[in-house]
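Each structure below appears as structure tokens.
Heads up, the next two complexes both have subunit A, just with different partners, subunit B and then subunit C.
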Partner chain A sequence: MSDFVFATAQYESGDWDSAPLVPANIIDTIARYTSIDVAPSGVIVPLSSPQLFRYPLVYLTGHLPVRFGPSERANLQRYAERGGLLFVDDHNHDIDGVFHKTATEELTRTYGPIKPLGKSHSLYKSFFKFDDGPPTTSHELNGWGDNLVHQTLSGVERDGRLVLLYSSKDYSSEWNYHPENKRFLSVDNTKFAVNIVVYALTR
Partner chain B sequence: MTAHDRLLRLQRSLAVTLVARALLVGAAIAFVVLVIARTLLLPAWSVGLATLAGAGVAIAMLLRVRGVRSLSRVALWVEERTPSLRYSLVTVADGVRSPSVDAQALSVPWWGDAQKALLKSLLIPGLAALVAVALALFIPAAARLGHGTFVGGAAANAKVTDVLAVVHVAVAPPSYSGRAATTVDDPTSIEALVGSVITVSGNGDAKLVTATADSSARSVAQRANGWSLTLPMPARPGIVRLHAAVGRDRLIVLAPIADAAPVVTLLIPAHDTIVRRATGMFPLHAQLRDDIGLRDASFELVVSSGSGENFTFRTTAIARTTLGGRTETTLDARVSLDSLKLEPGDILQLRAVARDGNNVNGPGIGSSETRALRVARADEYDSLSVEQLPPPEEQGAVLSQRMLINLTEALVKRQRTLTRPVLVSESQRIAGDQKKLRKRVGDIVFQRMGGEPLSEEGSDEIANSGKLTPEQVLAKADSVTNTGGAVMDVEGDETPILAINKPLLEAFNAMWDAGRALEVGEPAKALPPMRIALAAIEKARQAERIYLRGKPSTAIVDVAKARLAGKDKGVSSVREPRPIVDPVLRRRSATFERVTSLIARDPDAAADSLLLMRVDALGDAPALAAALDDAARALRKRDNAAIPLAWVRVRRALGGQPVQRAGVSVWEGAP
Partner chain C sequence: MPSRAERRRIGEWVLRAALLVTLGVALWRSMQPPIASRAGRAIAASAFERDLAQLVASSAVKSVDLSADALPSRAERDALTALRRNEVAVRWNGTPPSLAVEATRAREPEARARLHVTGAVQPTALVDSAGLLDSVRAGPGATVEAASIVGAVRAEQGKFAASAYAPVQEPRRAVLVLGRADWETKFVMQALSEAGWNVRARIPAAPNVDVHDDLILPLDTARYDVVVALDSSAADMATAIARFVAEGGGLVAAGGALEIDQLGRLAPARAGDRRPGRILLADDSVTTRDLPLRPLSLARSDAVSLQREQPGITLAARRAGLGRVLAIGYDESWRWRMLGGTSGLAAHRQWWSNAAGSVAPAREAAPRSSGDAAPLASLISSLGPPSSPVKSSSERSRDSLPIILLIIASACLLAEIASRRFRGAR
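Here is the complex of A and B:
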């Protein structure tokens, strides 16, 4: 399997499929800006499945409470040990929301303490340069969710490498549109996804 | 002859030569101006302009003749050409009478050279005048007499012009139309009903005029004050060509107007009908229209009876009405179905028919759509005889589990007031409903699992076997789906079918418990399992809803397209082959271009060509024919303002309306 396949995590609790167009949009962005051999469609992989280890980057999102089962938690720990990057995005964009509270609790239990990433982190320079840190989303700027513009992303590093990337910026809403509609944007707002993918593939 | 005598003779010759030269140059100038004026199609005043120009030049040159009156100046003119005279001739001219001077003045023969010089000075003006006259004579416009533009032609031409100068046309429409006769002067085209009598007339001798229509000669009659030609309006477009002895032909287009057939619309009945018995009165209502006038109308009825290959027909007409030339009216009638004696299987077909008063090439007959009224056969069961039925007994009797719980709770409350037999009877009635509901739940489960719904036998089988454990029911379902194995081992890899149906099976078994308690008259004991069954049903509903929501939509990205390396789909700019131009249209366009180039040289010929094109277009391109008529009329009148507009109309009619094609991007303003 030489192509990069974008994987969306399926977990027992919550609505793991709340942003169904994000995978296609990120695949389109990868094809547009890079020469990475990318598969034209993504896959859905259960967190408890051994198939999780086939994918270097797994995307997880949702609005509802997140509760990992024992098999899911154990699988994620093994996934982190093997170098996989789990990208978690709060679709509520609300640090008082149930997703943020439960997901950070579960992720802390699984990965350890989650720490903010500085603006000089290599994630922001892995492909495109984001000198001001993670790009803002329209949901942040419009005051939806928790009415906050989150300055940084958070994550967990192992051996100088991210194994967990946590976002409260709601990229799931920002990128959840059909790639054909990207032509209507003056500035492509999915460029940061390239950095995440390239980081996951090269670090 | 003395030198003085020779000088006097030369003086006279010089004067005559100068006058002749002035006249020749003036004439040449006048004819050149005339040629230019004719070439530019200038009006009649240009002739006066030419004359004035020629006369002006001639007079200016004649002024020089005054110098010839001085004999000394004549002598100086000779001395200038013969210097060897050493002013002897000037001395003679001054009146000196001396033999030696005279001999010296005659020592050189200067008079011969002077005469040659005079003749030579006439050569170029003479040639110029000849060329100018030749040009004026040979230019086509010079030989034409066009609407008085130039009057410088032969008198005979003026006579011919009078014959066809003004043409009157009288049109008498056919009598049935009731329209009045009309007259028009100098038309290029005549539009009239087919069969109209057209009389073309003009001033002058009929012998000077010949006429043809559709290539056949027509007789021109002599009237008291001119000539006359009478012919009917043909059914197809044609052209009348008037030919005079000298001069241009006149063309008049005959554009026939066809009398349209009446338009009949049957309003009642609005659609076909099927009846079980054909009795009573059947109303008919139709709307009639005609462009000229209606003569009569009626309803036609056709009754067809029989079946297979044996049919008989009866035809009749009712409500025949004379309409007296009205252009729009309605026709009403009522037909008695009893009088038609329609049998089962018979079909009554009816329509309205109207005729106009056209007695030339008619009458035009118009008819409405045909409606059918069919009498149903006895063995026929069609949509009309469907009778509504109440819902089936079992559907109406089935109550929901929540309702059964309410009934049971009410029975428990009344339990103390009831006798035992009444209580058992009431409880067994609820038990029957519970059994029906249980059977429906079982059917749903087994249908979903791919098997047949529980039949009565199956139901009895289950009834006989008693309450099934969940393992037994699922094993039975598994035998239907042929999955095999330990079906209750659902930890981790439970199939969706089992996940949905497990609550329903739980409800199924709970209903069993409730039914048995109700059968023996113990409603209070039946309530707990009944509530368990209701909760299980609710759980099944939720399971179903959650399961369906979990299906994500799939989107496949065209990676090659995103990298701008895909195949060109041509969506934004569809490339369509240009349509092949109609050969007739191409021929007409080419003809029109030739006519356009003819305007400058011969506008009347161009107008005639336009009329011929109009005849050709009248049949299939009425818009083009009308535009050509306007163009020809404007050209005849030399209406310089109307000609370009008429030309644009013709070009648009030839090219058709602009068409917006799919795929062409719409301009939305500057970016």
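Here is the complex of A and C:
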């Protein structure tokens, strides 16, 4: 039995390392709430590398334009075919932003059409219950980015399972703090990350 | 009183007359139709259908010699057996091939029919009612898979053929996967689901928190075919699993599940210490040889080792109660799927479906007919072993007549020539 390893995608364009504290924070959350055996530190995995297939859940974020190279695109297609889940979060929280526009274009080219996930999707109840859909981030409420509260996440499913989860809610900003600071929060805002990880491990 | 020379001349005329008579007899016999024996009949299996009515109708036939230039059908064998019971001596001769065919189905949702052929000493065609399925080259035995079969399957080798019907496929029941929230559990579920199994699961994700399908209990053979226990999280269901297996259900146990007391008592093998998988280079593809492994050691005298890798046994099975138990030594088989190159995904899926199918209870409906799966064995069973070709007395005398006539004619001719020469005539 192997530990769950949180993997961050490194891609050739853009700033793939814009949220460096997210992995530690999510690892802390997984260890805190679940009995999942989780590796104490995350890894960075290039999208064009065969190493990608060692990590069936990969997190990708950034602010800058995203362009996948041919080997990255081919690797992601094989990754989806074999059951891997790519979680992409727009660190700009801006649907007019360059990350959103380029990433959705690239992801559509790689995965096919991206569709909104209904609020009853099993992702929202895979561990914690989120009856109103994806939790709102403070960045949405503060009016940063596009000044919108995005009601849904979107994604691509194959055989009833998500192979791509796309978020415009900027969880990367929301979760990009040192886990030590979690004690100052009245509500732990990383709980939704547990749902994503448990969903990936059980569906 | 004739002189000596006159007596010799008369004798020469007698010899000439005898020679002409002999040649006349030979000519006459050569123009006669074959002598049909009233008491014995020699027939060829390929023409048996034509002669059957006459054989059955004639009470004068006392023996039948069948030449096996083809294999008689089940009905023809039955007719010969009936003749034998009516005091007709029935023998057969020939060396037909020991051709046999069996059609089975794997106990999997999208199971292809498996055709097992033996005795194909020459190239053999496998056909069903819709046409050619495949061909088998010479060899002691072969297995061919076919997606679908229409009617009976026939293994044909010239005039010789064996036939069989595949069991009728029935819907499989669900598989219950028990395992912790990790990649192995996820990808075992995914592989089984992709292979067509109805997969239900219970996956503990935190103390007192399970991710599970609704109404997974009760665990019985009316709802499930197989339980897949991947680790020790199945411990609280061990009693129910043991009862399920005793009633005919299948159990696939791997890793920590083999260490659960009640499951360990059912299991064919114990898992040893974990051995890490091969360290992979950048572009390496994973096969089963490269996976982390807990080598199995057989724990029961009735356990059977099914698969082996370099460090030891990786698959073992046994029957327990009415059910079957399969122990798996591989750890983290998901790496085979994700890192197994172009074939890993399909191979992993097929392997897990086969594993579940190998312990699933039989639910196939029996075929409408058993066909004629091993016609030579059936022929020997009905009529006994082959005998040498038997000829009737009239045939024997008919066969020797030309030689006798030749000897007589030669003797007459030589005597006549010798007589003439000795008396100085030309």
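One rule holds for everything that comes next: the second predicted complex is superposed on the first by the 202 of 203 C-alpha atoms of A that agree within 3 Å, B and C clash if a C-alpha of one lies under 4 Å from a C-alpha of the other, contacts with A are read in each partner's own complex, and residues count from 1 in each chain.
Assume a residue touches a chain if its C-beta (ideal position, glycine included) is under 8 Å from a C-beta of that chain, and two chains touch if they have at least 3 such contacts.
Bear in mind the structure is a predicted one, so any value in this text is a computation, not a measurement.
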item	value
Superposed partners subunit B and subunit C on subunit A - clash or fit	fit
First (subunit B), second (subunit C), both or neither touched by A:V38	first
First, second, both or neither for A:H178, with subunit B first and subunit C second	first
Touching partner for A:G97 - first (subunit B), second (subunit C), both, neither	neither
Which of subunit B and subunit C A:S49 touches, first, second, both or neither	second
Subunit B versus subunit C as contact partner of A:E81, first or second or both or neither	second
Contacts of A:P135 with subunit B and subunit C, given as first, second, both or neither	neither
First, second, both or neither for A:L21, with subunit B first and subunit C second	first
For subunit A as apex, the angle formed with subunit B and subunit C - C-alpha centres, to the nearest 10 degrees	130
Greater subunit A contact set [subunit C / subunit B]	C
Least C-alpha distance (whole Å) that remains between subunit C and subunit B when both complexes are overlaid	11
Subunit A positions touched by subunit B in one structure and by subunit C in the second	none
Subunit C residues within the subunit A interface of the complex	180-187, 189-190, 193-194, 201, 203-207, 209, 211, 231, 255-256, 282-283, 331-332, 334-335, 337-339, 344-345
Parts of subunit A lying in touch with subunit B, wherever the complex brings them together	8, 15, 17, 20-21, 23-24, 27-28, 31-32, 38, 40-41, 44, 178-179
Subunit C contact footprint on subunit A (complex, rising order)	1-2, 4, 33-37, 49-51, 53-54, 56, 81-84, 126-127, 159, 161, 198, 200-203
Subunit A-touching residues of subunit B, taken from the complex the two chains share	549-559, 562-563
